[in-house]
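Read from first to last, the chains carry the letters A, B, C and D; within each, the first residue is number 1.
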Amino acid sequence: MSERSAARRARILSLTDAIADYVHDGDVVAMEGFTHLIPFAAGHEVIRQRRRGLTLVRMTPDLIYDQLIGMGCARKLVFSWGGNPGVGSLHRFRDAVEHGWPHPLELEEHSHAGMAAAYTAGAAGLPFAILRGYLGTDLAHANPNVRVISDPFSGEQVAAIRAHQPTVTIIHAQRADRAGNVLIEGIVGVQKEAVLAAKRSVVTVEEVVDDLRPAGPNSVVLPSWTVDAVVEAPGGAAPSYAHGYYRRDNAFYTAWDAIARDRETFLAWMNEHVLRQAGSTGSSSTGPSSTGSPASTGSQTSSGSSPEGPPAPRTTPTSGRRG
Amino acid sequence: MMIAAARHLSSRDVCFVGIGAPSAACNLARLTHAPEITLIYESGTLDAKPSVLPLSIGDPELCETALTTVSVPEMFAYWLQGGRITVGFLAAAQLDRYGNINTTVIGPYARPKVRLPGGGGAPEIARHCGQVFIIAPHDPRVFVPRVDFITSFGHGDGGDHRRRLGFATAGPTLIVTDLCLMRPDPQTKELTVASIHPGVSREEIAGRTGWPVRFASEVEETSPPTAHELEVLRDLQARSDAGSTPQ
Amino acid sequence: MSERSAARRARILSLTDAIADYVHDGDVVAMEGFTHLIPFAAGHEVIRQRRRGLTLVRMTPDLIYDQLIGMGCARKLVFSWGGNPGVGSLHRFRDAVEHGWPHPLELEEHSHAGMAAAYTAGAAGLPFAILRGYLGTDLAHANPNVRVISDPFSGEQVAAIRAHQPTVTIIHAQRADRAGNVLIEGIVGVQKEAVLAAKRSVVTVEEVVDDLRPAGPNSVVLPSWTVDAVVEAPGGAAPSYAHGYYRRDNAFYTAWDAIARDRETFLAWMNEHVLRQAGSTGSSSTGPSSTGSPASTGSQTSSGSSPEGPPAPRTTPTSGRRG
Amino acid sequence: MMIAAARHLSSRDVCFVGIGAPSAACNLARLTHAPEITLIYESGTLDAKPSVLPLSIGDPELCETALTTVSVPEMFAYWLQGGRITVGFLAAAQLDRYGNINTTVIGPYARPKVRLPGGGGAPEIARHCGQVFIIAPHDPRVFVPRVDFITSFGHGDGGDHRRRLGFATAGPTLIVTDLCLMRPDPQTKELTVASIHPGVSREEIAGRTGWPVRFASEVEETSPPTAHELEVLRDLQARSDAGSTPQ
């Protein structure tokens, strides 16, 4: 991790500039947030800036990766559970896997425990993680980044998982101070590990404040020198939620099922609600942004043309969700 | 199904809870006969006591009512893999006669007919919880002779397969369907009908199971829900529906 | 970890009963607290109850293990830094290693990183931990619980450390509630891992309260069902400190150098300040307890006879401390 | 020694700080020319800004003034092994010509003449920090040809030994003694005198070093402490002495 051997300080940037500077075609991009603080605003800016060939890493792809996949940004997905929580399928993810639309999508599939361990190893500067898992399952055969090794003391077999080392991790947090130190509260998920495992990191926040304190008992602080860019993006986790700021828009998660099921409906929705929105705020999930700055849109987002792909039959609903 | 599952929980249980039926069953148990039951949601909340049923495992209601919240890596390492959970709940898109679960693909992995969400926490829940309860609709597309993909290991090829792999936990011990309760045979580990819900026939169960299903030597009739159980469950669901309205 | 497969609840016990029930001759005992919240009161009760043949595990043995070793409780020490912080040597530890007084002391020696990783593996139910460490040092040769294994992906060599799985872990915390849930605040050290890695655990606390909250931003909560016994022992970390309760008694740490340097001085001090004190409080490090209950002393602590050992020359001071 | 060490730190450094001289040096740098320097104490405090010098690495002053505090396992895994520290400080009971450190035993390990405290955080500080500064009294019992025990790996047998072991970090780059500053030779990695403190002779250094010590081709004279440096250091120590009085 020699890139981190000199201290850096986070720069406070616009969303447009942060994505332009730190997310490039072909990058391995992790956007984390375990049901909470999902970085929708940043993901939308990646879509607007038309990044291509990304390897997307995320435990629960959720709607944001459904959108990135459907808009043709992804070459590969590294994940552990790809459903719409409490609702059902992610139709764009399914369409890419089942029918290669708009591109074929390579999969690297783990369990949650394996993903969490791989991020932990990356954060800890280890080349791999070990866990008691995968044994007896077909996941072990489907993923070349899972091997079996022996405990040198007892001979017991354990799984070894190659460490996650994203090119860039993007997360959303509640607050940053003006020095760029970041605060996450509530369900903290795997965001600290995802940021520390990555070469670069971008953090969108609800607000930039003078003083991070007082923090609640369940909080994570990322020092400024572990972050490259901080972006003020109020509402940037919607339609997921930000503990202490706004609630999860459960109705939108339910509505997404119908929007994403059909390619044209999906493209029309993305065009209306993402491509035409400005890049400086995140409150664009359920309607036109009220606070975005249209002036910031132009340079990075050439408007309009939708990703191309062969026509395909509507995918069928599935009972394969788990609670 | 929720009521039947709830009855098998006690105040001494530490449950790893998923959203949907498992969450309803655990909270029903907590609000009826198992007030001291410990509920853990995989998002990191320990000892959560939600008053409404969460739509997702990361709902703020869980964090706000929890004793404490830990990171996701810690949850899977220290709490689940650490062997601290007595009961885990799983759902299944396919379930075979030895309790192996598929939630990954229908059809071949490389060219799936249907791409399902995948494993999530399930593979390690199936391995590390003291026992596993499976809740599934009794449908021949679910209860198949052989799953297309083993996402979560149940009893493998049956018999002592878990022991041979070095697993210290019991694996699936109870399957709750809309028709009956099934348990693994003590020797062969084949899922066997143990209790039939009121008004359901053996023929109906056999017809909706994808293998020649066996019945235990003494099959019980599941007791119907009590008025109290139904009332608590309805209250919980009513509060939850109100709570999930967009705000 | 099948002993943990059914939920237990912590019992709230007297210190005498907790040590009598959960610490036995020959146990592997970890007492943790990284400079903060060192469980002196509990350690003194182990001395009073004359446990023998213990394997003592602790990153920084500190004065408490100097006392346990000097009083003849230990057969083996598993550790990473055995000095008196900011002062110099632990003379009883040195006397045991250099001259076998009062018993020879077997050593299993790690680095801090290795100790922390071994506890983490124990807490996570893993048989071993991996880290980038030990390579090139003589520590790797001195410790049979360190091996070198290869990353199955790159072939890189990493150290494997056998997991710590103490029979019993003892810690001191600020508070517990009446259900036995435990709160640690401030520098949280490795106590959570040490408790979760152990088969049994005893937690002494400054106070038992109705409600643990509000907790500060740096806090750890151990649920009641991960703890066997909770003991109210105000002052139980003195002469170390309890964040929010009392400060470190730096003068006592300095004074300990002279007390512990000589065997007779040490034994006289222990007799006066530990063996003659009651087992129900911890404020016995610098003088007679003001709150102890003499009535609780009798059954477990037969007073007086000091450990026997051969006479030996006074040990020499050393410059071998590191900051 | 503290002042000389402090001068080699900058606002861009993230320092892993031990108690004693390293803590004094780092805080002196912070209070003079490197106000933005980041100090990390191995007890888990990130970005600590103590106003008094702590006696132990776990003093409450550190936690109270820190940006945040993490657990000890996290400190060693994510922060030190994760490669986030630019400068680490180490002390030595023995130090050899290639900067290898012994803080474990004098004499054989199994039958030591003097049992020292041991490694603590040092072995991994020596491996994972971008560079390591060593502060040691210039005494022939310390500066030995060969250490009795390699607790912390410096430059091993010299040359590219670190590279051959796969270490990406620079290892010991500066040794501060009461007589001089030493640096490893760029090729051989042998510790070589780079700067001599005012009033000290080459003979004195040679006489107090346990191997035939070499001098760099251009040896500087260490600039004496400035009035400001001395004043800040005295203030810091005065506050610390007052703070460590029993209360």
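In this section, a contact is a pair of C-beta atoms (placed from the backbone, for glycine too) under 8 Å apart; a residue touches a chain by one contact, two chains touch by 3 or more.
It should be emphasised that the depicted structure is a prediction, and the values quoted were computed from it without experimental measurement.
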{"item": "Common touching chains of chain D and chain B", "value": "A, C"}
{"item": "Result of counting contacting C-beta pairs for B-C and C-D, higher pair", "value": "C-D"}
{"item": "Computed distance of Cα centres, chain D from chain C, in Å", "value": "28"}
{"item": "Centre distance in Å when chain A and chain D are each reduced to the mean of their C-alpha atoms", "value": "41"}
{"item": "Distance between the centres, which are taken as Cα means, of chain C and chain A, whole angstrom", "value": "42"}
{"item": "Residue numbers of chain C (touch at least two other chains)", "value": "120, 125-126, 131-132, 156, 192-193, 217, 221"}
{"item": "Chain D, residues touching no fewer than two other chains", "value": "68, 77, 81, 128"}
{"item": "Chain contact graph, described as a line, ring, star, complete graph or other shape", "value": "other"}
{"item": "Chain pairs in mutual contact under the definition given at the outset", "value": "A-B, A-C, A-D, B-C, C-D"}
{"item": "Contact footprint of chain D on chain A as seen in their complex", "value": "1-2, 4-7, 120, 123-126, 181, 192-193, 196, 220-221, 223, 225-226"}
{"item": "Of all residues in chain D, those that touch chain C in their complex", "value": "17-23, 42-45, 55-60, 62-63, 68-69, 71-73, 75-77, 80-81, 89-93, 103-104, 106, 109, 112-124, 127-128, 135, 137, 141-142, 149-153, 156, 161, 165-166, 244-247"}
{"item": "List of chain B residues in touch with chain C within their complex", "value": "12-14, 38, 46-47, 67-68, 77-78, 81-84, 86, 128, 130, 168-169"}
{"item": "Residues on chain A engaged by chain C in the complex (per definition of touch)", "value": "125-128, 130-132, 145, 147, 149, 151-154, 156, 158, 160, 162, 213-217, 219, 221"}
{"item": "Residue numbers on chain A that touch chain B, as the complex places them", "value": "34-36, 59-60, 79-83, 85-86, 89-90, 93-94, 97-98, 109-113, 116-117, 119-120, 131-139, 142, 156-157, 186-190, 192-193, 217-218, 220, 241, 243, 247-253, 316, 318-323"}
